[in-house]
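Two complexes follow with chain A in common, the first pairing it with chain B and the second with chain C.
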Partner chain A sequence: MATQQIFSPLPGIFYRKPAPDKPVYKADGDVITEDDTIGLIEVMKSFNEVKAGAAGKILRFLAENEEAVMAGQPIAEIDV
Partner chain B sequence: MTIKKLLIANRGEIAVRINRAARELGIATVQVYSKADKDSLAVKLADESVEIGPPQASKSYLDQAKILAAAESTGADAIHPGYGFLAENAEFAAAVEVAGLIFVGPTAHAIRLMGDKVAAREAAASAGVPTVPGSEGRLESPEAAFALVEKTGFPVMIKAAAGGGGRGIRIARTVEEFHHLMPQAQAEALAAFGDGGLYVEKLVEGARHIEVQVLGDGKDVIHCFERECSLQRRRQKVWEEAPSPSLTPAVREQLCASAVALAKAVNYRGAGTLEYLYDDRTGAFYFLEMNTRIQVEHPVTEMVTGIDLVREMIRIAGGEPLSIRQDEVRVSGHSIEVRINAEDPAKSFMPNPGTVSALAIPSSDGVRFDSMLYAGYTVPPFYDSLLGKLIVHAEDRASAIRRLEGALAELTIEGLATTKPLHQALARDPDVRAGRFHTAWLEPWLASHAKAAPSVP
Partner chain C sequence: MAIKVLKPGLATTVQDLGRPGYYHIGIPLSGGMDRHALAAANLLVGNEEGAAVLEAVFMGPELEFTDDAMVAVTGAELPPKLDGTPRETWTSFQVKRGQKLSFDFLKQGARAYIAVSGGIDVPLVLGSRSTYALGALGGFKGRKLEAGDELPVGTSSASVSEGRTIAKELRGLPAGMPTELRAMPGLYWHRITEQAGNGFFSDTWKVAPEADRIGYRFRGGKPLEFVPREPPFGAGSDPSNITDACYPYGSIQVPGGTEPIVLHRDAVSGGGYFMVGTVIAADMDLIGQLQPNMPVRFVKVGMDEALAARHDRAGLLAKLRSSLV
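Presenting the complex of A and B:
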């Protein structure tokens, strides 16, 4: 078991939900696969999915819903 | 002029534009900004600036309480909302007036009326302004729908009353198709939305987008002629011009008169734009909606009429009457504006924020660049992608296009991809040069050019 981080691929606003009235994509403790979407980044009014990029279990989110993030900023920590 | 200090509740190129206009009127400026816009050109230009929150627009540029608090703490006596954000928010316009300040724009009542599609359509009809023929409300039976299309003619769009975003739309081109599609549409609407109500509207195919600029002082209204903005991608205008290359003088006169009639009917105050669909094969035009604010593409009107629309709207807000009479408004030459966005046309217009490593702006007669850029500026990712607008003016349309090509060649923005190559390709295109286009022209053009030369749109 090793801890790994998922980084934001783009600068923008990070969302954990597909829409304000929908549940979060993933919660702390969820088991994920490489292709799972863990959030959205809004860049200049266009929405881009953030893929997990690795399989494992989410330990915790490091970025909050609607937080402004930079490209390369860690947004979640996973156990792979 | 009763306005002494103007707060600018916006960002980007329009905030720069308003700062400059205020300065020319001898008015001090207060620029509000989000944390992400601390280094913006508008903040540098303003006499004072106030941070109003984090990058997210919902917590800064859309936060009415913070903007009003900034006005109070700086002693501003007026607020200019620019475009977007709170510009067409009737509650905000009312709140500004309740706070004892001047809202640079129309009354909350006019914003509310024109913001409501049904009310705006009714106001247009009673002012004698044509709207797209169709059912005034929902149609419950195929018989009622058929009675209507006998009047409108074909083709028609059948829309589910409860639908939205293009869902459940069918197009009927003949009576047979209509009879075939109508029950289907009704059944589908009932299944999909639990509501079988339908609307029917005439489909205006190959229509152009033409809009009329108006200025009102609450009593009198004048028009400043039209702009054509038919080149659009995903309903976003990319290239705008004045005058329209497709209007005949007779239609232009009717169109502009209709815009004045409607604006007068609502005692319009400030700068506004009435948008129309125009069918150049029949000469028919149909009112779509009114935008109760300054528009992105206002400079092309300024270039051909010599009227400074932003200064004029601030003067009017300060209580002055219109400074120009209708018979003094004349069109001279032709102007084109192209939107320079931080989007990569070679990569499906992917947004492309970043740092401007080098910047060269063309400067010659008849060339204007309204922009928020400076060398070394980092374009934040949190707002729309508009970086600036390159505007040219020349004696006629062909000369304006040649001037545009020269200005685009000189414009250098390094460090991030922009839509400049798109405009260079459009300026070379024979259809664009001939003014042969409509609102559904650009997207297929982009698709075919992407196939032919993936790297050059």
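Presenting the complex of A and C:
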């Protein structure tokens, strides 16, 4: 097992839920596949999905819901 | 020669220096949001300054070249990689047939200009190759790039060498925090109170996530207080409404008095919101390089300072040009 980070591809606002009244995409401890969406980045009036990019398990999120993030900022730590 | 789009990036479009002359009939200027960086990219690869390039915002595309070409990436610090090997920004580099150009995460700025020797050879529409996506006009099929697109590239007669570079002081990027945007108070300045006017120029504003090629929205400053009035004929009841008027490029409208929007290259040409002033031409490129949440201040200037600043900005490009001869 190795620890990897998932990075934000874009600068913007990070959301962990698909909509305010919906549950989070993924929680700490969830098993993920490469194509799973783990959150959204809002920028330029569009919401862009952040994909896990690797299969494994989410150890913890490093960015808060609705946090302003930079491109290349780690948003989650996963065990692959 | 063509470029295959493997991955499009977020909103990558073909842009040149723009399509002036039709704003009065509702067709905006379009063209690169940082025209200084766009011209620089072209000069580095031996193109005319106004050749069409790719403008990539926040995130780079992934491209495959079907023939050899000279390439340069300017503007934002969006580090290029050629077949996975890092290349410098603001520096020309040779791409061989079959090689792939991709990009690392954005380090600084917002918009990168990717120039290819020969220029992106999409058809001229009303005198320009720029994309106006909202109007589905110009560029590559009037839209942002999509995976699978094949971009035609012109032939280049220039022979330029690899490793031509542009010194930091000639890049004309935003310097300092907050970024200072110089603005002239406009025709509707009288609509807000003196206190609101002072607050507008002394507050620090932050780029909102809605900022795009049409306009840059800012928030975080105090709401503007309006001078009471009877709405004139044709104006709405909101105190920020006016009888419809022309919107200049760079004009700062403040709907509801809360969040200023600076109109940029793909803006609408008219409407019914009052404009507190206009960002001067010399500082419009800087806006194109602002990321969400970055702080800015509006700095009050008069016409003389605006014209002097425009002269200085043109001088910077002249220096850049002569540095490459």
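As a convention for this text, the second predicted complex is superposed on the first by the 80 of 80 C-alpha atoms of A that agree within 3 Å, B and C clash if a C-alpha of one lies under 4 Å from a C-alpha of the other, contacts with A are read in each partner's own complex, and residues count from 1 in each chain.
Here is the rule we use: a residue touches a chain if its C-beta (ideal position, glycine included) is under 8 Å from a C-beta of that chain, and two chains touch if they have at least 3 such contacts.
This one's a predicted model, so the numbers in the text were calculated from it and none came from an experiment.
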Combined model on chain A where chain B meets chain C, clash or fit: clash
Which of chain B and chain C A:E77 touches, first, second, both or neither: neither
Touched partner set for A:E66, first chain B, second chain C, both or neither: first
Touched partner set for A:D30, first chain B, second chain C, both or neither: neither
Partner chain(s) touched by A:P9 [first = chain B, second = chain C, both, neither]: second
Winner by number of chain A residues touched, once chain B and chain C are compared: C
Intersection of the chain A residues that touch chain B with those that touch chain C: 10-13, 42-46, 68
Of all residues in chain B, those that touch chain A in their complex: 36, 54-56, 342-343, 350-351, 353, 380-385
Contact footprint of chain B on chain A as seen in their complex: 10-13, 42-46, 66, 68
Partner chain C, residues of chain A touching it in the complex: 7, 9-13, 42-46, 48, 68, 70-72
Chain A contact footprint on chain C (complex, rising order): 10-11, 57-59, 104-107, 110, 209-212, 291-293
